[in-house]
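Chains: A, B and C, in written order; residue numbering restarts at 1 for each.
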Amino acid sequence: MSGISTTQFSKYNAKIAKNRATSEPAWVRWTLIAAALLYLSLFLFMPLAAVFTEALRKGVDTYISALVDADALSAMKLTFIAALIAVPLNLVFGVAAAWAIAKFEFKGKSILITLIDLPFAVSPVIAGLIYVLIFGLQGWFGQWLSDHDLKVIFAIPGIVLATIFVTFPFVARELIPLMQAQGKDEEEAALVLGASGWQILWRVTLPNIKWGLLYGVILTNARAMGEFGAVSVVSGHIRGLTNTMPLHVEILYNEYNYAAAFAAASVLALLALVTLVLKSIVEWYAARSARAIEQN
Amino acid sequence: MSIEIRNVKKNFGDFSALNDVTLDVPSGELVALLGPSGCGKTTLLRIIAGLEAPDAGSIHFHGKDTTERDVRERQVGFVFQHYALFRHMTVFENVAFGLRVRPKETRPSDAEIKRRVHELLELVQLDWLADRYPPQLSGGQRQRIALARALAVEPKVLLLDEPFGALDAKVRKELRRWLRRLHDELHITSVFVTHDQEEALEVADRIVVMNKGKVEQIGTPQEVYDNPATPYVYNFLGNVNQFKSNVLKGEASIGGLNIKLEKENQQADGAALAYIRPHDIDVQRVKSGSAPAFEAKVNYIHAIGPLVRLELQQLGQDAIIEAELTQERFRELGLNTGEQVFIYPRNVRVFADNTASA
Amino acid sequence: MSKKHNNVLPGFNLSLGFTIFYLSLIVLIPLSAAFIKTSTLSLHEFWVAVASPRVVASYKLTFGASLIGASINALFGLLTAWVLTRYTFPGKRIIDALVDLPFALPTAVAGIALTAIYAPNGWIGSLLAPHGIKVAFTPIGIVIALTFIGLPFVVRTVQPILEDLEAETEEAAASLGANRWQTFTKIIFPAIAPALLTGFSLAFARAIGEYGSVIFIAGNMPMVSEITPLIIITKLEQYDYAGATAVAVVMLVISFILLLGINGLQWWNSRRNSRAI
């Protein structure tokens, strides 16, 4: 996954770039830049632009009415609920996992790290499927759930579970390398000075990892709000009830209601852009504090 | 408070970091654990602090067994090698930390904390840095803040892990004198770890020389320097010339010479290693008297500084012998490279050569 | 001794216990459900479910398109990482931030946006249509979608390595008479190759499981443009839970192998780098 390390201060500085011996002739430079920009335009900028163009194709009025539509609003609400539950749970998990893995040595650690990564490697469709196998009508707990009039699949709990699964590793993956790099000197110093476990966590560890933590939360949140495949399997697509924003987009699109579909999509695209801005800000702060540590 | 360490063992996997270490640190002394990296000195310090648990053996503070006691209850001050200052806290908050995390009933009031922290910052002469953050400080300043932080909890024992290791040469010299003065003021039982013999010799009341998880010698700087207990200590403290030798009836043969051994330095007959400090070698232009002497050629002369170092080659041998003369003596002799001289060893120390018999 | 582990920091049992509990609850037990469900099938039933011509065609399509998409990303991702670390040009910082868009943009949004562009009446589709080239609703569309979602991986794995390369080694190469191309192929490329391979594998692994962005642009015609995750959904919708799960297990096993490979690669990579320092 991408990490904070991408913004680390480049050793390759501008002074060297001007050096003739280790740079390319101008025509090579501009050809390469042009090729990269063409690639990014085809695959990145145009789709982004298309979302907003298509959304506004039928005018602002259509656009706004598509967004204040009751189904759209309830889809937004459900999306926020799912993220609001999944993000804090995975946050707590991420801190606990990183604490155990970064501060202690134990057998099977690398297996644990690999297992935490598992959800990255699992197709979202399969992530949905496994919960159907457990909580679906024919699943392990299906009979019991229906006897007690409880619903997980084709209901909100299933959507939340699928969302937790697909966003499972994000916080842990950010924190583990960060906390490993920071070592345990400061925690030991706090311990010698008499601090309790929770005092160490709150006063020493968390302030040190706050940027990595925030970064992980931003990534988790973006994925939680945007997840489609896994949620699609467990949702049942009940309008106004079990539709998240991405599912709402799909339904409108399949009904050939393109303007409304793209209007809803544009909200998600805006969220994605906000995510990128926040991410850049956090990376900037994290790089700044990393530089401060390097001088340490 | 005195520290007694009894038969402490510690392994990391197959690696034996500490192998049956027994050691007393008298109350109020400043003791150096001296040895090369990997000799177990830092592990021992961390075991005293309670940051590691020994596999066997026990630690006593003033006669009381503290082996099982939690690090938080040991009342030790620990200065980490890289200081481990809390980088998101100001200098003031760093020093105040140990007081602030106390349970409510024993926590001093804010005013009291403020008073104590400023007192400590004055002690380390850095009161003016209270509002800075650790990354804004120089290495020497961080070192002193780390010390102030450790002292804030009024520890009974102060432990310092390579306290000057990360500093440049000039700051290091200043700081170690300062630490010595501070210790003379506070008289808190202190143990510091170092790999720098000069540092240990200058600062400590007592030096513990360690090697491969064992204590080689314990003594005052004078004792360990003048009377090394083992070849290892000889090699580790100061420059030394080493010769393969053979002991027979109280005489050691070195490079064809038979040298009578002092009473306090007798060895059993057999293969041995002989050691002579460079400043215990006298150089003469002509052979005089009956004392045994080598004939040697002057290979190089390094005449910078108060001492002149000569690199001598014994005639008919490959061995290079190093000698140190005062500038005065050197001028008196008026030596040039390539000349032939006679050298007279004094204070020859001999140890049984275990490698040869093995 | 009462303390078995060498570490006096508190919270080990609590944090590891919670980690394993939560991991089991959310990931391990549900995933094991797939394997247990599959074990109810006889070997023959399993084989029919996972090796019928329509399913095999979907494997070929999924892996083929993923491979092409990841390859495009390897080539152009390297180029992008190079341009972003070595050159200055207007808008560079914004472009750098936008590279992560596929991580942040919901896949469904990407799917309909790409379809809109590459459909015969779209911005690019309309340019290609007169030449008889169809992108949307064909396997080419699938490659486009999979390229989009895998775009950041190579850039983000190669970029930090390029940034950390010591300029002195390149200067040394130049001083020994190497031209830029020789310096690149003999000095720079070997240094970034492991990261490039890691990025490629990540993009590939992500593409294999991708669903949201593909189904809009794919056309989803059986035997032609139907990806494996869609097969699973189709079987599910026909209440063929065992069949769906059997195909899922095949994909899971492949994903696990890929994950192990990637982790091994990264471990090897970090060891190599740490030894270099």
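Convention: a residue touches a chain if its C-beta (ideal position, glycine included) is under 8 Å from a C-beta of that chain, and two chains touch if they have at least 3 such contacts.
Because the structure is predicted, anything quoted here is derived from the model rather than measured.
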Chain hops separating chain C from chain B, counting only touching neighbours: 1
Most distant chain from chain C, judged by the mean position of its C-alpha atoms: B
Centroid spacing, where centroids are CA-atom means, of chain B and chain C in whole angstrom: 55
Whole-Å gap between the CA centroids of chain A and chain B: 53
Chain A and chain C, separation of their C-alpha mean positions in angstrom: 15
Chain C: positions in contact with at least two other chains: 6, 8
Residue numbers of chain A (touch at least two other chains): 188, 191, 196
Residue numbers of chain B (touch at least two other chains): 50-51, 71
Chain A - residues contacting chain C, complex: 1-3, 5-6, 8, 10-14, 16-17, 19, 21-24, 28-29, 32-33, 35-37, 39-40, 42-48, 50-51, 54, 89, 92-93, 96-97, 99-101, 103-106, 110, 112-126, 129-134, 136, 138-140, 161, 164-165, 168, 184, 187-188, 191, 196-197, 200-201, 219, 222-223, 225-229, 232-233, 245-247, 249-250, 253, 258, 261-262, 265, 268-269, 271-273, 275-277, 279-280
Chain A contact footprint on chain C (complex, rising order): 5-12, 14-16, 18-20, 22-23, 26-31, 33-34, 37, 76, 79-80, 82-89, 95, 97-110, 112-114, 116-117, 122-124, 144, 147-148, 151-153, 156, 159-160, 162-167, 170-171, 174-175, 180, 183, 202, 205-206, 208-212, 216, 229-230, 232-233, 236, 241, 244-245, 248, 251-252, 255-256, 258-260, 263, 267
Chain C-facing residues of chain B, complex: 12, 50-55, 68, 70-71
Residues of chain B defined as touching chain A within the complex: 49-51, 71-72, 76-78, 80, 82, 84-89, 97-98, 101-102, 133-135, 142, 149-150, 152-153
Complex interface listing, chain C residues touching chain B: 1-3, 6, 8
